[in-house]
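Listed below are the structures to be examined.
Here chain A shows up in two complexes: once beside chain B, once beside chain C.
Entry: the complex of A and B
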C-alpha cells in the first residue's frame, strides 16, 4: 500500500483542553415551570426523565460557547451576507392546485382543512374558550 | 458493467453496448439481492423502467439528452419527488406523496436520468450513523466485502456474523451504500454537518459538499436553512463533476442560490498540483483521531510535497467550538423548521381531537422520534427570550469567527486544505448504538462541520483501507465557489492513491 510509512507531515495532537465552561451559574436552571413552558412552545413533550436529562446535557454543552471572546463581533446570519439575493417580482405565476394540496391532508371538508374545535385547553382560566369547528381554507 | 463509472457507462449507452432498460433492470435486480443493506426505503421500479424506456427511445433516435440520459441514480429520502413517497425516514411523513419535485430531482429528470428509488437516512437527517430512521439502520456494504472479512477474527459462533456488520455513517448512509454497492451510478445526499462526506468516507466513495448557494435547496426538506446543501455521491471524482455540472446554478425558486452564471467544467486529464499551496490545519489532529488515519493524512501531505506543491501547517483556532456552535444553531433552526409538522395539511395526524393544540402535540409526539424531539426542545430553549442573546446570538458570533478563520487562511495564500474526514473507520453497529445520537454526532461531525459553518465546498476522497479492511477517506476543503480547483486537486489525489475496488461478496445474514 502506498501509505506504509508516516513521516510526521501532520501536526502533533493538541491538548484536549477547553472542556470546562466558565464559572458562574448556567443560564437558566431547568425548573419545572420552564419545562412546561418549553413543552407548550414546542408542542412536544419530554416524556420522561431521560428527555429532561438530555436537555440539561444540551445546555451544559452549549455553555462552552462562553469561553469564546466575541467582543465586537457581529452575529452572522448567512454566509451569503455580502451578496444581494434574488427577489422575484410579486406576480402570481402558478397556483390553482387545490386538489393536489388537499390530497395529502387526512381530514378535509370540500376545500377546507379541518382542525379540532378550539385552540387552547385552559382549565385554570375562568374564561371558557368556546368556539365552533375551526376551518382553515386553501387558496 | 455496474462497476463502471458514470462516464464509462454513459459512453456505453451512446455506443449501444447496453440499453437503458437493460441497465435499469440490472440495477433493480442488484437492489433486490442486496436488500439486507437496507439502503433503499422506496424502490420506484415501475417509474424507473418507464423512464428507462423513454431514454431508450431517445438513444435509438440518436437524440440523447446528455451524458446523464439513461443513467440510474438514487435520491436521499428527504428530497421531494412528485408521485413517489417521501418520508425522511420518519413516521411523521410516512405515506406522504409530494405534489412536486425538488429542483435537483427535476434537473436530473430533465437530463434523462433514471430514478431508481429513495434512499435511507437518519430521521430527518439528524444523526451520523444512518441508524436512527424508522425503517431501520443501513448496513455498510463493506461489511460484506472480502477485504473486511479477511481481516476479521475467525468466528466460532455463526451468530457473530450479524453482530459484526458496520455502519455506513450518516446521515446520507443509504445513498452512500447504494453507490458503494453498485446499485446506482450516482446518488444525492444532503450535507448539513458532514452528512454526505461522513458516509462517503465510511463507504469508500466520493462525497462532494458544494458551496452553500451553488445548488438549489428547493424541495430539500430543510434541517438548517443556513447550512444545508444537496450533496453528491459517486464512485470517482470525474463523475461528481458531471453531476455537479447538471445541478449547479441559480434557481428562482430558491433565493439563497447565487445569481452568477455557473459554467459546467471538465477536469483536466492530467491535473497538476505543483503550483498549489496545501494547508494542513493543526486543530484537525483532534482528540480521538486514530493513529491509522493520522498516518494516512501524513502520507497524503507527503504526496503533495513530492509533487512540488507547497505544504504548510495552518491554524483554524476556533475549530473546536464549531461543534458547540453547530449544536446551538442547528437545534434552533430545527425547532423552527419542524414547526410545520402539525398533521393538518400533510403527514401523520393523531386521532386525538380534543383541541387544535392537543392534536398538534399528540401528532408530533407520535410522529417524531426522540432525537428530533430532543433537538426541538433544546432549540426552543436556546430561542427563549431570556436565552436568545447568550446562546443563539452568541453562536452566530462564534460562527463569524469560524468563518473568518478560513478567510484568513485562504487569504494568506493557501489554495486547498487537507484534513481527515472521520476520526476512525466505520464501527460495528452494536458498538455504535451504545452511545446516544447527540454524543455520536458531536464526535463524528467534528472534522466536517466547520465547512458547513463557513459555507465552503469540501469533498471526501477514498484514500486507503484501514487495518480492519474498511475504507478511510481524506477531506479537501476549498474556497467558496472554487469547485473546479477543489475537484482538480481531488482528482489528482484520487489518481495517486488508487483506492481499491470493493470485492463485494454475497450480502446475506448469518
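Entry: the complex of A and C
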C-alpha cells in the first residue's frame, strides 16, 4: 500500500516538523477577501490576529505535503477503498423516538425543532459565528 | 414584499422569434422503500413530526451511514430503464451547506462518480394539439445519482422562527439530470410525464408530484442560433407538470424580452409563483454557492456486479447483480403501448391515453374480455365517453361509478342491436349516476329498446315523409344528403329508438316508389 511505500521517502527534516513552506501559491498569505469567504462558508469567526495567525500556520503545515513527489501514484481518497460497502436490508429498525430527540432541543414548538429564521449562508444576514480558535492549533 | 409583478407575457409558438431556447431539467425522485437511504427509520408521508427520525438522521455524534440495498437496486433499475451505463464502481461525497433542515451541515451525494451515466429518454408530443399527429423526441440523461433528502422547514414569519421536521431527512433520492435538449415547456412536461410513468412502472419511485415524491427544477437559457449558449437561470418551486410547462414558457419569454430590451440575464435561481404565473428571484439563493465537496470518509466505494464479475461463494444479500436486475425489468410504458397497438389494432395516440391514465388499460382490457364488440369500437367508448366523464367529475378510473362489467353489458346491448348508439349514450349517462341499475334495467325503464316492429317503423317513416314535402321533392330532384335529415327526424320521433340503417332502407324504398 501507498502508506508503507512512502514511509521511506519522506525527508527526515519534514518528519521532524521543522521545514519551511516551499513553492505553493499561498505561502502562508491569506487575503482579507479569502478570510471573509472562509468565515462565511464555515460559520467560523477568526475574530482576532491570533486566529488568523493560527490559520496561516495551519496552511504552512499542510503545504509541506507538496514536497512529496506523488507522480504516478493513484490518489487515495479514502482509507476504506479496499473495504466492502456493507448493504443493509430494507427493514424499519429505527425511529419513533421523538421525545428523546426533542429532549436535546433548546427550543421546541409542539413536536418541531425551532431554528432561527433565514438562511445562514447570506453574508448580509445576522450570523451567530462561533469562535473556534482551538481548531487551528498546530501540533 | 415583491415589486408589482409583470403580467404573464403572451406565449408565442416555439417557432416564433429568432432565439434558440435551451431547457434542461434536474429531477429528484424519492425512492420507494420502507426505510431511508442510510438509516433504518421509516419512509412515510404525513407522519407526526419527528417521529420517523433516527439518531443518524438527526446527525447526533457517533452515528454512521449504512447503505440500504433496496435504494441501490432502485437506482440500477432506473438507470437500466433509461438506457444508462451503470458504473460498477461509484463513490459517495459530502456536499456542504448550512440550512435548518440539514442537521449534519452536509448532504451525502454522488458528485464525482454517480451510479449511472449517459442514458436517454424517448417521449412523444402531439403536434399542434391534435391527438392524431404525434412526434417522438429524445432527451439525453446525463446521470443518475443517489443522495439524501433533507428535512422540511416551516417558516413562521410572525414569530420570526423556523420549525423543523426531520421525517424526510435521509430519505433516498435519485437525482436524474436531463441534458438541455428540450426547447419549451411542452417538451419538458412530456419528458417528465414519461419519466414519471417509467418510475411508477418500475416501482422505484411512486413519483407523485403532489406529495413531493417527484421534484423538478428547470434550467432555462436563450441564445441566437450559432452563438454561444446564454446565461441560464434555475427555476424552482414547480408543483405539477402543468406548472412546469407554464414556468418554463414564462421564463423563456421573460429572458427574450429582457434581452430584446437591452437587458442582461443574471445567473440566478428563480421561484415559480403559480398564482401569478410568473418567476421571481429567490432571495435566499443569491450568489454562487461553494459546496466544498469532499469524499464521504465513512463509506467505501459502491461496487456493483454482473454475472461475469460476480465472485463465487458470495453472500447474495451483500451483492447487487446488474444482470439479475435487468432480466427482471417489467415492460416499460413504450413497450406496453406498442403491445396494445399490435394486439388490439388501436391507434398509437390511443395507446398513449390508455397508458397515461392510471388503471385505464386494465379497464379497457376487462371490458374487452366481457364483450363481443371489437376493440376498435370499444376504445371509442373508453376514450370519448368514460374518460371524458371521469375528467369532468375529477375521478380516477378506480373511482368510476361505471364498472367494466356494466360498460361491457351496455356495449353488448348495442352490439346485439337491441338499442341504438344514441340510446346507449343515454344509458351511459344514467349508469354514471351510480344508482346500481344494470343497463338492461335502464333500457326497460326508459323504454329505449329499438323498435323491432317493421310496420311501426314504416308508419313513422311515412308520417315524416308526409310532413316534409319540400325535403322529399329535393331528394327526388337528386339531393341525396337530405335523406339524413329525414332519418334524424325519424330518430327524434322515435326518441332514439330506431335503427338508422333500417330507417334509411325504409325511407329510400318509399321515396323511390
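Assume the second predicted complex is superposed on the first by the 91 of 139 C-alpha atoms of A that agree within 3 Å, B and C clash if a C-alpha of one lies under 4 Å from a C-alpha of the other, contacts with A are read in each partner's own complex, and residues count from 1 in each chain.
Going forward, a contact is a pair of C-beta atoms (placed from the backbone, for glycine too) under 8 Å apart; a residue touches a chain by one contact, two chains touch by 3 or more.
Bear in mind the structure is a predicted one, so any value in this text is a computation, not a measurement.
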Looking at the overlay, what does A:59 touch: chain B (first), chain C (second), both, or neither? first
A:111 in the overlay: touching chain B, chain C, both, or neither? Say first, second, both or neither. second
Between chain B (first) and chain C (second), which, if any, makes contact with A:97: first, second, both or neither? both
Identify the partner contact of A:46: answer first if only chain B is touched, second if only chain C is, both if each is, neither if none is. first
Classify the contacts of A:33 with the two partner chains as first (chain B alone), second (chain C alone), both, or neither. neither
Tell me which partner A:89 touches in the superposition: chain B (first), chain C (second), both or neither. second
Using the superposition on chain A described above, determine whether A:80 touches chain B (first), chain C (second), both, or neither. both
In this superposition, which partner touches a larger number of chain A residues, chain B or chain C? B
Touching both chain C and chain B, counted on chain A across the two superposed complexes: 37, 41, 43, 77-80, 83, 85-88, 97, 101, 104, 113, 115-121
Which residues, counting only chain B, touch chain A once they are in their complex? 96-97, 99, 212-213, 226, 250, 252, 255-259, 280-287, 289, 294-303, 305, 311, 313, 318, 320-321, 324-325, 327-328, 331, 335, 342-347, 349, 352-361, 364-365, 368, 370, 373-374, 376-382, 384, 386-387, 390-391, 393-401, 403, 436, 438, 442, 454-455, 463-465, 480, 496-498
What does chain C use to touch chain A in their complex? 33-35, 39-42, 48-58, 60, 66-72, 91, 96-100, 153-157, 160-166, 284, 286-287, 289-290, 292, 295-303, 317-320
Touching residues (chain side chain A, partner chain B) in the complex: 1-14, 16, 18, 27-28, 37-39, 41-47, 50-51, 54-55, 57-59, 61-62, 64-68, 70, 73-80, 83, 85-88, 97, 100-101, 103-107, 113, 115-121, 134, 136
Contacting residues of chain A [partner chain C, same complex]: 37, 41, 43, 77-98, 101-102, 104, 109-122
